[in-house]
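The next block holds one structure in the form of structure tokens; read it before the comments.
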């Protein structure tokens, strides 16, 4: 009728050693009869059959240790034929415990052996800041959040409005000056600047602008800085060595021209957020974007991409600034174009001395990415574009 | 109201049936355990049936029962259905504790069966509290608390005796003295081996009774419960009994002689009742045969129920740790 | 009227007493049970006067049987009452830890959801009165480890007054820890306090520079430390955990994401502390926001000594909290 197997007698019993048979083949067995003795770690335990019948065959010799569940004997019910003994079941493989622990999701790789806090690394990744160029103010020189924040403000960006209680204005200004200082220091420390200048004749441009604006409503008037913006942006498209980023792997020219426009803030401070794809805008679009950007900047509402995206910068001194400027490059950019305030100066045209409106253009450029020959050509290109304002 | 012990044929048949149900259920559990259908620890009541079966007729449906890890007998006698009980042994979610407790943690709120406790002595303070609640609410319920003589060594036993007597709580303490706390004999663990005298020291009315005689147990239980319900305070019954099998399945019984086991087996409560009932012509052989076959069928059905039972989904692992919030 | 009713400057003790009185007046199932709660008036005078008002059945003195009467509380809760069991201090609760863990916390699960234990246990906890090693433990952490129970730590008068009633409405056991140093603390209480929830941590002081996370008696030391830090230009955000199990992760993590730095102040011993658990959770949930390691200010690894200067040195203090915060910020 059945097989009598090595019983499980306890939670931690895995095998037992058969030490004695108390019944022999041919003996009748009643349910509950003790038929063998098994040696376990706790001592010898008598084991009972739960079937009624005749003991048919002994399958395991005395002295053998077998796993729980191994057939020890066959028991034949009344009138039954002998039982077929199945092959010994293989030891079940130890079940592999399903891993219950959640594996952490793949972590963003920040590379770098630089010691930096998680918050700093995340910010640096988001803003394209190279940690190798950041000085850490944390313990053991670790880079902490404020360090990368400062580095990103190298473009002159004050901290965006935070949900935490606002600091008093004075403290904010000091913070920004500190940030500008740090960024400019880094720029001068790391970037081998060279400078070129060119006096651009913008008499035609300013006259064209005046005439165009005369027929416009005030909100549609184009400012000189928009003309400059377009002239510089379009020119840069042809001079890739002045439009891109210098990182730890060297210079990479950008595919687009996102021109950073330096904007002064009331109360002090300067930032240069990007006008994206400035070379592809119409003059009117450029003006609109510039207007919008200035308003938002002054209200403290701009996007982080606008701060991290500029591929080159234009700093225009407006109406009442200096005649010319030797600007400092905003890392990781490699060039900055300066435009002085337009002034009336005497020029020689066709042998005559005549008053012309002159805008002194300057170029500060990274000598690792470009040289003076090309720089000069860039400035000339900008000046030439300004002679045809209607094409901008 | 108390039911007096009337030794009528139906009642005697019922006593025998209840003891047979426990005996067969426990034997089936032993077999299933060797086949690894039941796992963990298994503590069998074989030999002690008269205690649970003798006490339960004294209780009403509204009374409460607290027991130990050797509680299958009390559970069956109290009215926990055999199918869900077996399913609980298997760990299936159709078990009376959703399979979560296993052999040592049988619970059934419908019959006020409050477990099932693997901490020796752990149920006594709870029983005191259940009785306290009944008394404070003006109810006439009794809480029956079963425990082994091993529990009287624990501090919680003494604290519970004291509290029950001090506050005159309606607790029936039933001590199943089977002479061994796992492998340690009573004589080497208690300075005073007359257990009921310990209860008397706390001013709890106590009696000792032959735990192998179901009728004696019932008579004693009926008397004690009647007194408790009459407001006379807690009572203590020391039932002198013996387990015919080891403490649990994995026990070589090195601590007690075989001759002693054989001697006690001759006092089997089931055989004792059968012999008395047959001798008194209260039962006939075919009554017994019929009972045996009905009980065997009930056990088989319970096994089939458990075998057909299902495993609780792992996704439900964390349920029933705390009570869900409405709307949560 | 007892002196306890509406005093001009109520104490934390008054607030707890008022909570118990209100609960007992509102619900006849509620009763208080514990050592010396009746005739003595309570070890910390919390239940003074309640015996006269409610009688010995409902203000029930017990013998020195922690396991016995906590287990009885469990059974009584199962049987339809709403007991408040007072264990005199957490130091003595080790005697009933078996009942709390193996019965109260576990019975719902073991029974497959059939049986609930709506029991409230109040315990005094903490050090500071030179009561020496055996009377000065802070073991809230051990209980916060156990699935199946709730653990709360009222640190303000409002919470001492307000947490008891919602705790009594829970279907599962609630442990309320009252720090011994708070009983004499005075404050204000509205006549009609609103509903207090058991689930959420509270930001007691907002700030942007660092999150100081704490509970119970340490709250006030942490607030003092925050004031000191403010003079140094450091604005600390102080979080009162209120619920130790479950922990209000959402409030903690929201704060740490904003401040990027955290210190946990916990009167338990440092090793295996609740602070360690919170620190692990912050690392799990806020790692990318962190600007530095999480600090812990805990009790030193020493049984609490008797002399005041040594006891003070062992426990968290405003000075050590300030020092930890400054170190965290590099200032």
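Read from first to last, the chains carry the letters A, B and C; within each, the first residue is number 1.
As a working rule, a contact is a pair of C-beta atoms (placed from the backbone, for glycine too) under 8 Å apart; a residue touches a chain by one contact, two chains touch by 3 or more.
The structure presented is a predicted model; accordingly, all values stated were derived computationally and were not measured.
The chain pair sharing the most C-beta contacts is B-C. A simple rule picks the central chain: find each chain's mean C-alpha point, then take the one closest to the mean of all protein C-alpha atoms, which gives C. Here the CA centre of chain A is 42 Å from the CA centre of chain C. A straight line joining the Cα centres of chain A and chain B is 66 Å long. In terms of their C-alpha centroids, the spacing between chain B and chain C amounts to 40 Å.
Note for the complex: chain A touches chain B at residues 5, 7-13, 32, 40, 42-45, 47-48, 50, 68-69. If you check the complex, the residues on chain A that touch chain C are 108, 117-122, 137-139, 144-145, 162-165. Against chain C, the residues of chain B that register as touching in their complex are 64, 95-101, 105, 107-109, 114-119, 122, 124-134, 136-137, 143, 155-156, 159-160, 162-163, 166, 319-323. Chain C makes touch with chain B in their complex at residues 31, 57, 62-63, 65, 67-81, 83, 95, 98-99, 102-103, 107-116, 147-148, 150, 170-172. If you check the complex, the residues on chain B that touch chain A are 27, 30-31, 33-36, 39-41, 246, 248-254.
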